[in-house]
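Look at the two complexes coming up: subunit A is in both, with subunit B in one and subunit C in the other.
Up next, the complex of A and B:
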């Protein structure tokens, strides 16, 4: 395998194998029972036909199952799969399988099983063909004069390049520019914290020590009770819907946790006056790639992201204690409003969710 | 060679009555004539109808991939009749009472409708998903087969690259499809994809906004992915599969070495009828298997997850298995992030999410060229190599497979922790080290193993195979009796190249002057030594002669015991290759 195969023509030849034992040649064909025994042959014929008939039966059964079995609320019947689903799958599957088995059985038992040999040719074309192609190519290029007229050639290359611009610019309207959108959430001064499901506001005394609550800014959850909704409207709350709601939920969702104030560690990024009687609010959106965080370890105040298991310590400013997330969870500063509900002192002081290039904070 | 007489024999040995053939031919000839007058296809068809395809079970893997793609096309078209790729919010009132009254996207609602209100719809949805699993799995195993047997060598490098791109497209297509139903898991998958896109330096945020038409999740991603899923990517896949098949036909399939099989020929069954029947029959088996799975095995029960809500997630959320390694890398990556001049660079996401997958793919695609450069081999290769005869290559793939397995396990570390009552953090710490150490150990072990198998082959050639019969010599010593292997088996074992190790400066130019071999020659020599230095070469004719001589002498001593003690080597179609699998004779 050294370089002595370098000569152009031998390049494309297949590798000859140096053979310490001479190639004994193709073994003689051994006849199968079906080749010599007419009874075996007829039996195989009947078997193949039987497979095809079985397939037809299954196809008919499929139609019967289709029209007779009900599919409404399928999951209740038949080990959670649904009778119609099981019957249709089984009959269609067998109808197809029997065709396949029949054909393969036919090929193995009855079609000729003599191996034949065919010569290979090098992948490359013959030397003459290659030369003829090269000659045609250079004749064509010569006649076009592309080599002799650099002005035309260069401007053409330029034009082809510039035509790429409309193709790229045309994609501009795929979406709006990011601007500062990722830095903002609906949280602002005095936004009420409401329960995730019912949309009711939260009083501090409703949380026991150790309680964890999924919460949202008021306006993201349409309250179950119409009274609360009306009262919200009267204070100018707008209830979001559709895309806006989905986008906002992916940024503004928070988690409330109440712990013993003595368990808390305060720091510059999590000052004491951001929590209320041991109640803290943190962004629910993981700082790794943005899954909503949900799993709570009761004793340790640790919160685990189910996506890649980043773990955050809510008693210590949302610090990352484990996993691939690089930044603590942003904390929402809390206070109690005049009417006794938990509200935000301000919005988040840093962008929530996953990192991105323009993000400008530690 | 007997092949010419065999060709004649094949006609005679086909079954069927002459009379009916003659009648059919008359009609057939007419049809062929009509078509040929318009299409002129007979010239091409004449060569290809009886084109020879060699037979081996491992050649079926690519076929599984091909047929599952056809199943995907068929079931996918069926799904498009009912699926609505829209993220508009609707309220559900349908057959699945548990979600009645829920707000959800139209995409999710139509997926529920396909599952509960279209007869056979759930089966087809599940068939589609199972076929997708099968498609990607079959491609990966097929690729491993091609790699292990050296089928990627010249002239097939381009097909190797096409195959690699097909796997990439298949995975992207699968992810796009997985995202369409807009259920809780698919939305979570998109959320993760969004986070990965955002981690791209400089342009990440823009890419995310352009993908989602604004901030995540927006309301355009499902329609956009739908277009990619049913038109763009399947179109690309189809075109690449066509190119893959055309090249396959042009190069003709590789074959295993053996009696009568050489680099210059291809031995097997003709396309028409045997290969066509077997391949066609196999299509129905793959299709039928998918239908059975679609009917009997639940997959992606989106109604249990519920519609996507960016503030919700389920524990143990897992992507489809083929995303497992990206998931694993993402999970075990240490939390590294750099803040510089008001910018954030997230190594912890960017490296495992974008850099490493590209590096891994590039490495796989580059292998044929790397190997060809090291060996300096420019010849065509049509005979396959047994994995053991390329120990470094085999060991590399097995090491990669162990890495794949580890990352996959790391991608399910939460599941493992629950299953085996382990500490999640410990699993992760273990994995961080294991992904570097275990593949290396696996590499060394596999290489050793291959080489000992090579040695074992040589033993068989020189001394025959172990019969399992223990002999007691007149002196009281015990030895195992060896019998020579058949000529065919012996030939098959020796039908391989000798490895040549490149030595720097060994090249000679036209004038007979030693050529230094360029700047990288030193590296090439080192790689060559590493790749082939430890390999065991097949015996030469003289060594074989001597070995047989020795065996004959021994045989004379053992006179009295006849061959009847063991018949494996004579049992008809059985090849010696299989013997090793049976525990080594």
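Up next, the complex of A and C:
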């Protein structure tokens, strides 16, 4: 008895407590009507089958509705919904639902109905099992001699480590390295600014105070007007297409904003000579995760990113005033060309868009 | 004599060609401006100053200067019921318009006389009725591209409107009249940016309006649009109605035992 007690305390198990209230055990089994009444059983069987048949009918009705109902002209047959939409949705939904109801009805009325109780056991194995396992493990270590032969042990660990290298090297095949692509956009010295969509060049006097323009570098928007396109070709502009266009557009989009010059704050990163009569150009790509932004508030010059609410002050060099963005919006230096259009003084002086590992931090 | 003849000649010519209503018009205009000033002093001067010069208070601007905002701004702000404001707030809300069309014209004439600004657009400017069918559909496509590039950031891809910082909002464009949309682009009311004619050409503005009208006419093949607000309202519907319904159904199944008292007594009766 005392040995038994010692064994238990070494296992850190609490001593069994006399239960203050006797365990009443399981309630007596009450049979379901379907278990004792053969008529109820047959009725339940028919009910389950009826649900499955109803499901089949709905599936057939779906096919009928698919081929008979017109989508185009019947768009508001029932409370603003098209006949085809309602019929397809309702029949497919009911077909699935009747299968579910049938299975549940089957399980509740007819499948085996016995109460099951499972006893809980201690999580640890018995003392003997644990000792036997440890003995087998140390015997194996002894026989392999892993402790006595460090040369074999160390080279094996090395081999297992080196086997990881091919996997890491294989990651290289996920795609070409980005190189300097993330740092460069198509903007360069004297690139004309054109309106997005229409592709027409912009004169500074065309903008009023408070104007916001979604703009692109010339060459990313094929102009609607053929004359402008011809004139562009004559100056050697190449209009990009396809994947190249999408890649460049995702980096080069800008917004132009004209404000009262007295509202502007200039700094080293946003010098006065980068704007023209209160017209400034900023990258449209958020520095947080790269959403395109153009929700601007005219009176405060705050530009809000709809994705995560980063807010930039465009009157103050694109400074972050709210939200998760870590860097100000890159500003594009502007000037007026000899023929009177707005052009870039140079490309962006820093990479546009979100941060990445290789980016130089300031 | 020659001079007299000459004077007579030019006089007759002037009377013949110079529009009779120009003379009447300028009279009319002066009257309109005077009537507009009366209305202005009653309804607007409290915030915008007696001469529309604006009032600055210690806490910032009370009412902005109206010099140079033009007739289009008045027609938009008063015509949509935003002005006169009922109470100060983050944003002037739309309400029932209290002024007749004539009174709005008079107010607009007075404010336009304060300084040069955009005038009220005519229906030729904001409708595409003078175009042929093919030109019109081309314009609608272009209007859609322009809308997505310039407007959808704030007003949503269907023109349903959206939320802006500090309790402000970009209003829905579904109920807004063509003229008011044109005027809003022209004047940039409140926090909206200006899209002047130098920024978006007048025919492109008309194309944007035609696009908005075309999506309103589009039947909703997808069923309920749930306000056309995108994933927010659709997700809310799926979570609350869809998943909520499934949870309720599962609860209902579990709450009803197959071994109910009623059927038990029934079976006892049959046994007895």
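The rule is simple: the second predicted complex is superposed on the first by the 248 of 362 C-alpha atoms of A that agree within 3 Å, B and C clash if a C-alpha of one lies under 4 Å from a C-alpha of the other, contacts with A are read in each partner's own complex, and residues count from 1 in each chain.
The rule we apply is simple: a contact is a pair of C-beta atoms (placed from the backbone, for glycine too) under 8 Å apart; a residue touches a chain by one contact, two chains touch by 3 or more.
Note that the structure is a prediction, hence the values are computed from the model and not measured.
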Larger contact residue set on subunit A - subunit B or subunit C: B
Which superposed partner A:343 touches (first subunit B, second subunit C, both, neither): neither
Partner chain in contact with A:71 - subunit B first, subunit C second, else both or neither: both
Which of subunit B and subunit C A:210 touches, first, second, both or neither: second
Which superposed partner A:85 touches (first subunit B, second subunit C, both, neither): both
Which of subunit B and subunit C A:37 touches, first, second, both or neither: second
Contacts of A:334 with subunit B and subunit C, given as first, second, both or neither: neither
Partner chain(s) touched by A:302 [first = subunit B, second = subunit C, both, neither]: second
First, second, both or neither for A:224, with subunit B first and subunit C second: second
Partner chain in contact with A:294 - subunit B first, subunit C second, else both or neither: both
Subunit C-contacting residues of subunit A that also contact subunit B: 30-31, 34, 71, 75, 80-82, 85, 89, 104, 108, 196, 214, 293-295, 306, 309, 322
Touching residues (chain side subunit A, partner subunit C) in the complex: 30-34, 36-37, 71, 75-76, 80-82, 85, 89, 104, 108-109, 195-198, 203, 205-214, 224, 257, 293-300, 302, 304, 306, 309, 311, 322
Subunit B-touching residues of subunit A, taken from the complex the two chains share: 1-3, 5-6, 10-31, 34-35, 41, 66, 71-75, 80-82, 84-90, 92-104, 106-108, 110-120, 122-123, 171, 174-178, 181-182, 196, 214, 216, 241-243, 246-247, 249-251, 253, 284, 288-295, 306-310, 320, 322-327, 353-362
Subunit A contact footprint on subunit C (complex, rising order): 142, 145-146, 149-150, 153-154, 162, 164-165, 168, 188, 190-196, 198-201, 204, 219-224, 253, 258-259, 263-264, 266-267, 270-271
